[in-house]
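So that we are looking at the same thing, I have put the structure below in structure tokens.
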Amino acid sequence: MTILLDKNTKVLVQGVGRDGSFQTIKSIEYGTNVVSCVHPNRKDQFFQEKIPFFGSVKEAVEKTGANAGVIYVPAPFAMDAIIEQIDADLDVCVCITEGIPIHDMMMIKNYIKNKKTKLIGPNCPGIISPKLNLKIGIIPGNICNPGNIGVVSRSGTLTYEAIAQISEIGMGQSTCVGIGGDPIHGLSYVDVLKMFEEDPETKAIVLIGEIGGTKEQSAAEYISNNVAKPVIFTIAGSTAPPGKRMGHAGAVINGKMGLASEKILALKKVGAYHAEDLSKIGETIKQIL
Amino acid sequence: MTILLDKNTKVLVQGVGRDGSFQTIKSIEYGTNVVSCVHPNRKDQFFQEKIPFFGSVKEAVEKTGANAGVIYVPAPFAMDAIIEQIDADLDVCVCITEGIPIHDMMMIKNYIKNKKTKLIGPNCPGIISPKLNLKIGIIPGNICNPGNIGVVSRSGTLTYEAIAQISEIGMGQSTCVGIGGDPIHGLSYVDVLKMFEEDPETKAIVLIGEIGGTKEQSAAEYISNNVAKPVIFTIAGSTAPPGKRMGHAGAVINGKMGLASEKILALKKVGAYHAEDLSKIGETIKQIL
Amino acid sequence: MNIHEYQARNLLEKHNIKFPKGKVGSTPKEIYNIAKSFGGKVMVKAQIHSGGRGKAGGVKICNSPSEAKEFSKKIINTRLITNQTGPEGYLVEKMFVTEITNIKKELYLSLLIDPDSECPVFIASLHGGMDIEKTVESNQANIVKMNCDPLVGIKPYKLKQFVDKLNLPKEGNSQIVSLLNNIYKAFINNDCSLIEINPLVIDDNENLVPLDCKITIDDDALFRNEEILKLRDINQENIMETRAKDYDLAYVKLTGGNVGCMVNGAGLAMATMDITTKSGCYPANFLDVGGSTDKEKIKEAFRILISDQDVKYILINLFAGIAKADLISEGIVEANNELNNELPIIVSMRGTNSESGFEILKNSNLNLYVANNLGTVSKLLLELEKQNDNFIR
Amino acid sequence: MNIHEYQARNLLEKHNIKFPKGKVGSTPKEIYNIAKSFGGKVMVKAQIHSGGRGKAGGVKICNSPSEAKEFSKKIINTRLITNQTGPEGYLVEKMFVTEITNIKKELYLSLLIDPDSECPVFIASLHGGMDIEKTVESNQANIVKMNCDPLVGIKPYKLKQFVDKLNLPKEGNSQIVSLLNNIYKAFINNDCSLIEINPLVIDDNENLVPLDCKITIDDDALFRNEEILKLRDINQENIMETRAKDYDLAYVKLTGGNVGCMVNGAGLAMATMDITTKSGCYPANFLDVGGSTDKEKIKEAFRILISDQDVKYILINLFAGIAKADLISEGIVEANNELNNELPIIVSMRGTNSESGFEILKNSNLNLYVANNLGTVSKLLLELEKQNDNFIR
């Protein structure tokens, strides 16, 4: 088993511009079952001459049985795409798009309450399950190995780095989930930790955090009461100056709780293993497993 | 068993103006466990020298264990009161208030989706369970008899009339629910029919409908697939002219589906027993039970 | 509450919706001047709170300012009777003059609250103009609907699908998106229960142009819409219904009957009508005194009831829940004495304090018939009807 | 995006929030005239995108128009340095003049988006004015909060509880309700991430008066707020950061380092900073080329990076996901050739098309050091640092 995805996952794609197309082709090459694309002005056309376009998510779901969606559409239209996927009751909606207005995300997070769909992202690299050769989003498949370490991260490139280091020490990943770098996003660390804890194929969890907000502290609290599996973590931004937005909209230190040192403290306190810098993730895993 | 209420029901009251006070006293006299009143400017005071006031619903719930609420506040403030009761996770919220803007009700109905609270009304007489000597709202207790006929109605006074006739033929009521005369309201006929069908103490159901909308047709559809107990019904407004708002905001015939004749047809088709006019409810019950 | 076409236009214009040039006038001279300033050929429309004005002769294309003047002279200050006004019609005090639009195609568009889906719903028809009601009933294939979400508003993906189905020319396609968004804003900001654009036309240049509009505001929300309340035109309302409303009573005048009905609760009002009609008598009106009542209100209710010349006898049918029967009874007795009412009264009364209520009535000098149940009401009605020399049906 | 105080005031005034009389001026003469028209005694405030202006000497109560003129003469066209601006400070081009309010009590009020509760949150402090940040950290008892609901807005029952806790005089109690509602509307209508009123004062007459305000707009929402975008003052921004933004790049200038960092992804940017610092070197800046990149963007990124005089060598640390490493490499080579760059470059590159990317770099004439993993990056950094004669720390 993996989390979020399984062999029945059928993916629909919204937004096949330059990047969306490229990533969709990469996903198909990796093994993902991409069943349809959605574009209101391209119905009756085909992507790559084989994957049908539909005018709406609802129609794509009805005609192709899609149960997961990925969104590459530009930020001004991303809220609508997310809501359309929620309204179509997809199991999983992965939004790669960066730069969605925070007011939009606020609406979406309140709108999605008690809805069926699990939102991943936005501003995230998506999900990958190496054992199933299945990915939704942009995590490069060639750096992955099937295995039993779960990865959860707010940062895209740091997810890749963690994956690569795990593969380099000869181990592999069960599922990797990028939850996104925006201050308001879909699934949280806690949601994903819960799934990893329940997933029999996951033996250890790598958590990659960064400065800003208090989400790492919430993760620590959850770990202390609910997670028995070993958690290895690193926090990026120890040397970032306060008050500056460090690229990610969420990565701003406002107040003490946003400091890397506070987050490291909280996670160490609950028994998580600290990789002191990004380059030491593989090393740290090796030491404890 | 009764529906919606039981012996653990503890009621809080919002709105003890002239009518709210009078009805609260009547409810207490009938036997209802009224545990607290809510008024932001009267905390630390007592209603009738014994029931404590609190500044908020949340506080009243924490301090007195209230699990049901009734609202008598004027229409401009009713939406806020309903939302406050929903936010406090009450099991049941009964709103007696008439004349709430329809835009407010539209917001509330969308807000309450997947929340714990069941909303009864607004513009309704509330609920009464004669066997428990328990009522929330304004249905006169002295016309009721404990028994096993469930009553559900959009109209207040017609509910009383049906209750009185049931009592006059020597039978009694399990629970009576006035769902309210506004076009958009909380629990629907279908919701209440479902509860009555599952309630072992209810042997037969009296449904009182009126012109306007298609809610009686929805009830008919539900009955045909889900209700085995006998349903006796009457529809008010057979002789109402089309296009006029007949007192209730919901009682306007717009199009064919709103006609009494259409509703009677739909309910007769699914085997419900028709009391041809209001005065014949008792008679009809007698004939079939 | 209804408002006039020209008021509805003003309100929509405030929400960035563009109409053809138009201006309202109250005298033939004003109409002449407006027509002249618009270049001569204009459309002139009677301003009353009713549809069906075109068929009733209240709307005309006039080829010159003089023709506009002559037409308005014929209409202003008369009562226009349409298939929706009833036989009395409504007084025309103002007429609205607009420039002429060359119509290529007529559509119908409205936004209303749908009680079934419990949200605002846009309805469009590919064929607008007159007789839209019939189109809706008969030709569902031409009807396109879109539900909105009260919490997040219009969803763009649904809007796209809705607009696609309308098959508009390219220009109109982009214009309708902002039109729909602006209508939605006006609807939400003003507690509307209906905004109707009919016809919405495609003109010669393939532009989308709203020609006529109707807006209904939720009466229950007028307390928070002071600007709208200023637009109220009580000359377009039934005087008695208006007077009742001022006392927070619901009065409905009915045609052809002679029983004045005083009830509490809308359901009971309708059931009382049904029983009256079934027993062979006919209600002249009904007056719902509602839930929360005081003596002053009851007295006013009685005054309104007997001021209806059709009323030959009175049926009081009450079931007191939130209202108290004794207070109502006191009000009835005082009102009868003040007004020297001699019309016979049938009373059926139950619920809260009904026994003391009956006592009060019985101890009064009213011309009173007491019914213990609704079956008796029918019998008493028939009896009185037989005695009644003035039986009119 | 930040806007000036006087612009923020304008925006709030459009949402029916009333301030003391105030006007902005650009020259000492204008300041003199404004002060005179306000009756002489005024407050004069430097308009820069930074807090802490009071302590930095940018705000003064002036007792006469001449004093206002003299004060503004000293400040206008200088760079004001506060504890938030960094050592360069910001250029003062305008000053804002307001009439004097007699202050009985100072409060603090703000509305911002709280990532934890995922909704707008009002924060008030019973003690406003300067040093509010310290109050918030040290005296939580004086802090009152209220969550709003993005779908239904401010809930009146919560508003009542919030206001009660503020212990305002009677007048202020009713004034703050509309103030809060208006701030909320302004916040939602303009995609704000912060509206701050500090101080919000009770004046002599117990009226609630907002004295100063600050508004931050969500950069990601500027595409739909054209009016706000017009308020942008690029003189208040770091030139390089602004230039990067125009190319959709994220550039952050840091003080005290000499490594120019080019990365993709904010997380990697921070981790790269951390690694650099830990190895004993210090970043001079970082430039995030983001996910979706083309050659032009990369070239511009390189231009910005090496135009920083502090940069002595360059660290490129990329992990290509949505970006393609070969395209980035081509951009780097072309940029180096165009700009004749001779600074040494450490490159660590993985992910999509990284092998062909490396090929491109290796086949170029760049002064290149390749790191196979992040551990090697540290070592190479240290090596270069030792070679570097210009080592400045």
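Assorted remarks:
Every chain is named by a letter (A, B, C and D) in the order it is written, and numbering of its residues begins at 1.
Keep in mind that, in the parts below, a residue touches a chain if its C-beta (ideal position, glycine included) is under 8 Å from a C-beta of that chain, and two chains touch if they have at least 3 such contacts.
What you are looking at is a predicted structure, and each value in this text was computed from that prediction instead of being measured.
Considering the contact criterion stated above, the chains in touch with chain B and with chain D alike are A, C. Most remote from chain A, judged by the distance between CA-atom centroids, is C.
By number of C-beta pairs in contact, A-D leads over the other of A-D and A-B. Measuring from the averaged C-alpha position of chain B to that of chain C gives a distance of 28 Å. For this pair, chain C with chain D, the centres built from the Cα atoms lie 55 Å apart.
With centres defined as mean CA coordinates, chain B is found 47 Å away from chain A. Residue positions of chain B touching 2 or more other chains: 107, 111. Counting partner chains per residue, chain D shows two or more touched chains at residues 151-152. Taken as a contact graph, with one node per protein chain and an edge wherever two chains touch, the assembly is complete, since every chain touches every other chain. Within the complex, the chain C residues that touch chain B are 84, 113, 115-116, 118-120, 136-137, 149-151, 188, 191, 193, 218, 220-221, 223-224, 250, 252, 254, 263-271, 273-275, 277-278, 286, 288, 290-292, 318-322, 324, 350-352, 373-375, 377-378.
Against chain B, the residues of chain D that register as touching in their complex are 151-152, 155-157, 160-161, 164. Touching chain C in their complex are the following residues of chain A: 40, 55-57, 77, 80-81, 83-84, 87, 107, 111. Taken in their complex, chain A has these residues touching chain D: 18-19, 22-23, 26, 75-76, 96, 98-107, 109-111, 125, 138-140, 143, 153-161, 164-165, 168, 181, 183-184, 208, 210-211, 213-215, 218, 234, 236-241, 243-244, 246-251, 255-256, 276-279. Interface of chain C with chain D (complex): residues 151-152.
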